[in-house]
Amino acid sequence: MPPTAVTHRHLLDVAGCSWSELTAFLGATEAARAILRSPTGRSDALNGVQVTTLFYEASTRTRISFENAAKALGANVNSVAVASSSVGKGESLVDTVKTLRALGSNVIVLRHERAGAPWLAARVFDGSVLNAGDGWHAHPTQALLDLSVLVRHIGAKDGTLNGRRVAIIGDLLHSRVARSNLHTLRAAGAEVRLAGPAPLTRGFAELAEWSDGVTLCSSLAEALEGADAVMALRIQHERLEGGEVSSLESYRTAWGLTEARIASTAARECVVLHPGPMNEGVEIDPDVADGPRSLIFEQVAEGIPVRMAALWRTLRGDEPLAGAVRIKGSR
Amino acid sequence: MPPTAVTHRHLLDVAGCSWSELTAFLGATEAARAILRSPTGRSDALNGVQVTTLFYEASTRTRISFENAAKALGANVNSVAVASSSVGKGESLVDTVKTLRALGSNVIVLRHERAGAPWLAARVFDGSVLNAGDGWHAHPTQALLDLSVLVRHIGAKDGTLNGRRVAIIGDLLHSRVARSNLHTLRAAGAEVRLAGPAPLTRGFAELAEWSDGVTLCSSLAEALEGADAVMALRIQHERLEGGEVSSLESYRTAWGLTEARIASTAARECVVLHPGPMNEGVEIDPDVADGPRSLIFEQVAEGIPVRMAALWRTLRGDEPLAGAVRIKGSR
Amino acid sequence: MPPTAVTHRHLLDVAGCSWSELTAFLGATEAARAILRSPTGRSDALNGVQVTTLFYEASTRTRISFENAAKALGANVNSVAVASSSVGKGESLVDTVKTLRALGSNVIVLRHERAGAPWLAARVFDGSVLNAGDGWHAHPTQALLDLSVLVRHIGAKDGTLNGRRVAIIGDLLHSRVARSNLHTLRAAGAEVRLAGPAPLTRGFAELAEWSDGVTLCSSLAEALEGADAVMALRIQHERLEGGEVSSLESYRTAWGLTEARIASTAARECVVLHPGPMNEGVEIDPDVADGPRSLIFEQVAEGIPVRMAALWRTLRGDEPLAGAVRIKGSR
């Protein structure tokens, strides 16, 4: 059995998270937002804490989001990117993690191309490990920020997503974002509809059969029917090379999100999400990405308070997060 | 029509800058220098401002210069280099800029291999964009720092470059530094002489015809005649591959700056500039680069107060820049 | 004659260091450790000092260690990695160093693939140069941290390594770590035994002949005999390609550190060091690397106070390092 997904020490996964755990995250996110909105935009809540981002895959938004979140809580940040580090010399993940510990890291934010890598790291690290994306497997802070945005925009009065329908469209097979969202959306009470090209939804028919409230649809129109929110997934160029998608044009024709398609079958106020980076004109049309339904850049912005909450809760548990830094004197 | 080159919101270009605008920059540069010379070397003038350097081309001096300038004004700095970011995954510049905005950036310092990219960024960014070099087109802060150095060393009594002659030698065609300098030097009243190999000065004959006070010369000697300052441009290795230059040795023979050549025709006190990085022994001899005429490392140092001024003026306009951080207590 | 290895201005080498100089380093390291153990973990001892790490080779532990050391003393840090800088455009080391000086650097921490590069840098830099590894030549701060760890664990009552035996095993030829350790270990009074494959110990027979207290052994068993400490060196993959090692398996058979081998001939309490990154299962077995003899991650941790001491002493000489930052108020 793997270590518990969300504990007060690590944030490895959102699978198995109860709604009450997710509610606690959303509460801490609100507290974090209050700090960001204060005149200084900062807190000294994690002064003296050393956070290291260890990224084995390129990233702009997740890395900067975690780094700014850590700084907003007063932590120190080190960045290790694989290309420019001795990791390239073949040091094992385990030794790298132990090395970072010896260098004073209290928290490792890990992105790795292999599923499960954060569990391995957590086993040898006596600080906190936060999973910033592992292979096709999980991306817990992305799911948490998507949940936070969705609760705000389409949430029920009780703060859940009960009675709401969310469609996830595209390359489910390779998507850690989809896998993590499935858990949080279901825990929040949403009905989830999945759709995508057959080679990219392998295994999801079985998953849908086993899972209450999850359906694998055979067309975009079916998935969008009555949807309160739709999330487009990135289609990667490797899928063309692998033959799983015959052309970007054919992909767009069958699965691309256009305003016409959303307007014809989804709920009137249906909102649109995308984890980024987008291939505009392929999985999503520019006028949808930039249109009034789009929450795409709100998702990016949500990353900062959500990751502040994630850092805080892995280190301090249920202790309330409070206290922006006061401005001294008259400035 | 493009957005105004220098506004209080962006710094995209120096083309079209009036002398009074340039004077205002030089004044803010002086104020920035006073902060750097104070015991702390810092100000909290831009506390709470988030500056992101977004570099699609490698750079040491411009990137560090902007980062240190931002820190000296109390701003927070994020760095995004293309090679280690998801920009490599093909995200559009527009989406990257919107993402950085959502991550809290107030200022984007952009270097991009395509001319015009900063204008595109400025169109979708509600903060400030500073052009740190776009293709062959413009490099406004380089021209401003060159101007600042030249006014100090060869300036007329009224603080202009009236009656001064400046030669720019080498690969004009591919030089954003030359293009931006042409504008600032002319606005300051200097006469500009250009020279370089024919394939690398294409179009500059026409430009010289249309422009008052600009001459395209056919030899180095002609360009250097009576010059108060000479600026050597970097000759890039791609020029050899493209056949525009037959060999580094032949380039040096025809266009390399040597002390003998400067001494024989330029003004006695002629100063020497180079935007760096240099190919010593090709476009400039080591004894010139390191000799008493050289202002090359003074140019580098000038980058910090000039970029502090650029950050300040794009964000705060004509508001005076003042106030180094005081040292507390007795230390 | 090269500049003195350790001066108050540079830290280029430990060759020629007297025991009293090394003692002064160890004393400053203790003072640095007191700062790290204080509630804030920081000092403002080097406030206003600009430290630049200039790395022409990849590194995680040395770079982060220096950066955290500089920050713990209140200095500002810039990082320049070759891959993402205009150094790639072919600028000379000399011009890069002058450029960093002009950008305000007071200290350059240099790693370079060519032996001697830090001396070249020191010749043109009016601040301090710290050698963070130059080719096969020297890695002074690694030797200092190894010394600090060894004195703590196997030191004699007088704080020296008199009467202690230290074995260094593996690729001596390409090891700057071995070369620097030879000097500090001998200065501390230890007897040093060397061993490794013949093609990788070229020249060390002569060195051992000339040097008091240094022996080149013909087998691992001979080198380990009675050893109080053994240091395994990294075997690089290039050695396979170069034919100097026929296979990793054969290397492990002849020279790999295993518990059985250590237990059978070394001193009972023999400790194990490795400069990292390790090839576990090749030059060292995982159960040794992770076992009770291993000081490997203590070495990494030691890097921070040792590099604080190195920064302090190059800038401030024998002035005592003191004064952690006080925590204000009641938090």
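Chains: A, B and C, in written order; residue numbering restarts at 1 for each.
By our rule, contacts are C-beta pairs under 8 Å (C-beta built on N, C-alpha and C of every residue); 3 or more make two chains touch, one makes a residue touch a chain.
Not measured: the values here are computed from a predicted model.
When chain A is laid over chain C using CA atoms, the rotation angle comes to 120 degrees (nearest 5). Because chain A and chain B carry the same sequence, their contact can be compared by residue number, and under half of the numbers here are used by both. Mean C-alpha positions place chain A and chain B at a centre distance of 40 Å.
In chain B, the positions touching at least two other chains are 83-84. Residues 39-41, 58-61, 64-65, 67-68, 71, 81, 83-84, 236-237, 276-280, 289, 297-301, 303-304, 331 of chain A touch chain B in their complex.
Contacts from chain B toward chain A in the complex involve residues 44, 47-48, 50, 52, 76, 78, 80, 83-92, 95-96, 98-104.
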